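First chain A sits with chain B, and in the next complex the same chain sits with chain C.
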Partner chain A sequence: MQATQTCPFFPGGAAEDVAPLLGQRDDLSVSDRSHWPRFGLKGPGSADWLSDAGVALPAPNRLSLSSGFTVLRLGPNDITLLGDPAAPEALTALCARWEAAPGPKGFSSWREEAWAWLHLDGRALEDALARLCAVDLRPRRFVPEAIAQTRFAEVDAVVIRRGGAAEVFFDIAASAAVLRTIRHGGGHP
Partner chain B sequence: MKLLSCPLNGPRNIEEFQYLGPLRGRPDPDALSDADWARHLFRAENRPGAMLEWWRHRPSNYVFLAERHTVTNAVIRTFDPSELEPGA
Partner chain C sequence: MTRLDAPFGSRIDRSRPISFSFEGQRFTGYEGDTIASALAASGQWMLSRSFKYHRPRGAFSMAGAEANTLVQVGSEPNLAADLTPLAEGMVVSAQNVNGSLARDRDAVMDRLGRFMPVGFYYRTFMGPTRKAWLKWWEPLIRAKAGLGMVDLAARPDGFDKSHLHCDILVVGAGPAGLAAAIEAAEAGADVILGDESPDLGGRLTYAPEAEVDLTALVARAEALPALRIMTGTVCNGWFEDNWLPLIRGKALHRCRAREVILATGGIEQPAVFRGNDLPGILTGGAVRRLIRHYGVRPGTRSVILAGTPDGLGAAEDLLDVGTRIAALVLPRDLPGHAERIGRLRSAGAEILTGRIEAARGGTHVEAVQVGGRWIDCDLVAVSVGHAPSWQLPCQAGARLGYDDATCRFSLDLARDGLHLAGSVAGHASTSAVIADGRRAAMAALRALDIDAGNVSPCQDLELALAHCALPLNPHPKGRDFVDFDEDLQVKDIVNAVREGYRELELVKRFSTVGMGPSQGRHSALATARIVAAATGRSVAETGVTTARPPVGPETLGALAGHGHVEERRTALHARHLEAGAEMRPVGAWWRPYLYGRGDRVERITEEVRAVREGAGLLDVSTLGKLEVRGPDAGAFLDRLYTMAHANQPVGKVRYCLMLNEMAAVIDDGVAFRMADDVFYVTATTGAVARVYADMALWNAQWRIRVDVANLTAAFSGLNITGPKARDVLQALSSDIDFSPAGFPYLEGRIGVVAGIPVRVMRIGFTGELSYELHCPSSHAPALWDAVMAAGAPLGLRPYGLEASRILRLEKGHILIGQDTDALTSPDELGFGWAVSKKKAFFVGKRALEMRRRLGESRRLVGLIFEPGTEAPGESCLVLRGGEPVGHVTSVAHSPTLGRVIALAYTHVEDAAPGTEVTIRARSGKLVTGRVAGHAFVDPENRRQEI
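Moving on to the complex of A and B:
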């Protein structure tokens, strides 16, 4: 569950040279949350183990708020929990409990290392999302508990919306390419 | 844009999917002649008509079945493997 010490956009990271593109632009801010805590379980037993641990699971392809974290149910037995760095205790405790459990309990899907996590917000957000993703992510069509597992900025990604912003999870090795695509307006500059 | 309707994710651009080949029986190799077993392993069925095929939605890694007509390329239905009738 420990976040990686060096994320791609960090100094010394693989996408360090692209990091200035993050920035806080007035119309579309992009911030890197790749170092934020999260925990993914996958495989037979993962949903049952989490339910037994008191995590309320939504239906597949839906998200919900549980005690202290957001639960992404990406499939019947593919679940990722998103933590908040300001209050990581609940997620840390759950991870420790999972590590100590005998199983069956699924296996770690290493979301904290394999996924990059970007947070997008700003006046131009809806326009940018429309150009970066074929799924209609406008709030009136994309309900708050929805998850889009689709193509975003020309890579496979998971997209959710919280508090009006959009959050995108994708292969961390594609960090630089995705940020360039976002900043160049959907890959068609 | 060609769309395929994923049972889990809904209609999506065909580029999000990977074709995994036709649904095939799983004969017992001990009950077949060598020739029939070799045919099962190495020959691909390529008959015209409606066929059941395995497909994968790549971003969600979800594997499902589609019934597709190999002449018209029309997708007749898509469904979760748990809905497969025994013996299909």
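Moving on to the complex of A and C:
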């Protein structure tokens, strides 16, 4: 990340005043991953280009692990790859390859700018998910490769589950409101 | 004091006394009491006055089934006193009284009943007398109507709303529900068991049976990790796909269940006789609830009407707590119960056959008439059977049937994912009810592909005597109530039928039966029997009225929930706060209204002047930003917008106007062609969600090679505007040539400014030289800082939304949604220049051609007012010959011109510049404005194109 970039919960960010709510409750850990690397393609040619680049694509509305990152297939030609800041090399290389490639190669979906990314975990997680989302996210019903494109904490959101935790992607402009709703609305029923 | 010692009073904690007031008088109860049980323990039985006749009323069911118990607690009206838990310091008052509960001046209404026959409203307010409504009836009824008082000073309360998911939801934790929940949870299903009571067991909590160990059953349920128990929870409706609202305290849980078991039990029915509404007349179940739940001895001398064996149980309990049984009234034989009846006779009860004909008393029952003889008593218990709780099943499509031979109601429900269990399914004995609960659970488990066994049906020995239908003949003197809520007597229903209302739904509308807060729990079935008899049909043919959610009253607070406000912030939110902005919500967005402190008009005027004379900086990040890309992107825009885009050169920016199929203007913006196959399109802040959805829909229909991305939050926008805007940008490091020749008006560039990737468009909403810099939002704060630093020596200052609104009005630019309405056509705006004449198709083209054939009736024009003229407000009417022909859409004082200016719709013949039009100002005064050209400032466009 370049030094000039500011995410909402960073100092000077749009939601810096509510950032202290992150991680405030010990039974529900909420952490900000909005600055974590990700790369999204959308539009005609996206799936073909990624497949040609060696990324194994799951079925639409499913996720999978491939080549060191998680692949979210939100639609036939709407794919987002989630990276890990500890090992960003694979994703960085893929981005560079895409930038340099001639078309057709799909178009950037700008998920790294459009989405806030929150990671939720802790003892109260299942209660919080049930309270905040109309989709049944219980592990016995929501299989590991499932994606929910739904409403969460009263905004449009993409919800996935990895390793027992939940991750939520939503309109970055709504960061303050979503964090407040999670904190105040995600308690016990 | 009528409190009993333990073991009576399973719900109360005698070590925790609670003090409260009712009607200004202090009372004491215990934790676990309801308001009604605590008052009953202190001898206060009257809780309310009836709706129409202001008759004394008290608890009847102790199960919240009637409106008799509705009271006001503090600022909250309409709480059921027989369900509401007592709390320390509660201030409880009666409702619907004129004066006080004890001395209600409107009690005289009870003597005026003959002037208010059934259908009173229909007779009085329709036909020749309807003119009397506004003069006489409306003020009178308004003064008398309503239950409780709304506290206008009430503060928002802490309501909550959430979702719940489960494999099986069991509604009702009586013997059937409890057995079903245990069976399902032990088989591995994720189960929620909900019940409105504070404890599990339903009728077993107040009518225990030796063969069922409720304590062990509850312990078994509570030990199951897969069973979530929600006591104190009301299931208030059934909606498609097993979506059920569960209300618990001040929280609304929206539950989605794969399978639902309705074990909602039955509603104990009243007996209909003259004076059957007096306080002290209770159902047998209510008597037993008072004794066993709350340790209250409900009377000293009682009469029991035992139409079913439940009445014998109530009598036995009363004997146990020392209440004398003056008479046991048997309307029919109770085969198999002779031994119990004998024991009651031995204990002093006079056994009478027949029915109760009437009751008398002032504010409490004093005697009942049986076989023409009056028997003194202070308590009457009536047990004539239960009706199934039909509301939830009927909402789910169940049909209610009635067997005239056995007087038994039945429910027929055939719907996947939904099961009836226990009493509501027509079972009576506890063993049969429990067996049916297990059967329902096994059916639900099988539907979930979970292994389940089978349970043998159990012989139901009590079924034959579980229902007793007493005759429903009107008493000659009336006051034999069918509907306590609405004060309707047997004769009222009979008369409604005589009036010609033969269908139950019409009887309901004419008489208002079942329209009260209890929604027909006690009245629907008796009404059906009366209507059936009066029309010569069976009860099954007559049916009951449609059951709709909610099952019981619910507060608006519960529906509204926690009140979280939708809120969106631009990436520059913190920068605005640092700069002293006064932030205001615009739709969901927070935007700077103006900057700095002090006189607002002065601040806004300074901001306008800064733009006109120097340079200003506006955060335009809330603008919709759409990227339309793909080989057919130009063709796609050609179909959607009125201007031509397929032939738009790369690097050019073009205005775009969007119509709907009616040729009404729904949005505008600009399209910057960044590449052959990529357009960057702006949309108005409020419309972008709709525009994006429309684009997606059209794209799905047209199936052309295009993708649309909504980048509204991904990109931020900074508008640098004013004569010195170019100087500001040229002070920044950039690979973009900002010179007039290098970057002409209505062109766009992609490059880097201050090390930040940008898309720049030279457009002009203010009418001044303007550049709009768009960058990825994470870079926006840094870009803002760089621009502000570079512009500081040049006097650059941020300006807010109000200054922006004035600047655009001075330039004559419209705001979609403010200056347009649902019908505005491009021609009415004078935007014929923005509509391509060559394109074969764009959305709205056909309608636009048809509308042109009809001709225009109005035109949006600029108006300028002479100094000293009263400024009209937005929405003020424009008149022509005294008739309204349009209205003002925008108005402001122009600091640049020193005049009030406006945009307004006028008659099309008044649209020529210089025409004077008349407007009715807010004060009612008629003021004159003069039509100006398309812009008040710089109509030649020299300033924006320098």
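Methods note: the second predicted complex is superposed on the first by the 180 of 189 C-alpha atoms of A that agree within 3 Å, B and C clash if a C-alpha of one lies under 4 Å from a C-alpha of the other, contacts with A are read in each partner's own complex, and residues count from 1 in each chain.
Keep this in mind: contacts are C-beta pairs under 8 Å (C-beta built on N, C-alpha and C of every residue); 3 or more make two chains touch, one makes a residue touch a chain.
As the structure is a computational prediction, the values presented were derived from the model and not from experiment.
In the superposition on chain A, contact of A:Pro20 is made with neither chain B nor chain C. By the touch criterion defined above, A:Ala134 lies against chain B and chain C together after alignment on the C-alpha atoms of chain A.
In the superposed model, A:Ala176 makes contact with chain C only, not with chain B.
Once the two complexes are overlaid on the shared chain, A:Gly75 sits against chain B while remaining clear of chain C. In the superposed model, A:Pro60 makes contact with chain B only, not with chain C.
For chain A, the partner that touches more of its residues is C, with chain B and chain C as the two candidates. In the superposed pair of complexes, A:Ala157 makes contact with chain B only, with no contact to chain C. Shared-chain residue A:Pro102: touches no atom of chain B or chain C. Of the two partner chains placed around the shared chain by superposition, chain C is the only one that A:Pro8 touches, whereas chain B remains out of contact. In the superposition on chain A, chain A positions 134 are in contact with chain B in one complex as well as with chain C in the other. Note for the complex: chain B touches chain A at residues 1, 8-9, 12-13, 15-16, 57-62. Remark: chain A residues 60-61, 74-75, 78, 134-135, 148-151, 156-158 touch chain B in the complex. Chain A meets chain C in the complex at residues 2, 4-8, 12-16, 42-44, 77, 103, 106-107, 109-110, 112-114, 130-134, 136-138, 140-141, 154-155, 171-177, 180-181, 184-185, 189. Within the complex formed with chain A, the residues of chain C that make contact are 160-165, 190, 248, 251, 253-254, 256, 562, 564-575, 589, 627, 629-631, 677-678, 705-707, 709-715, 755-756, 776-782.
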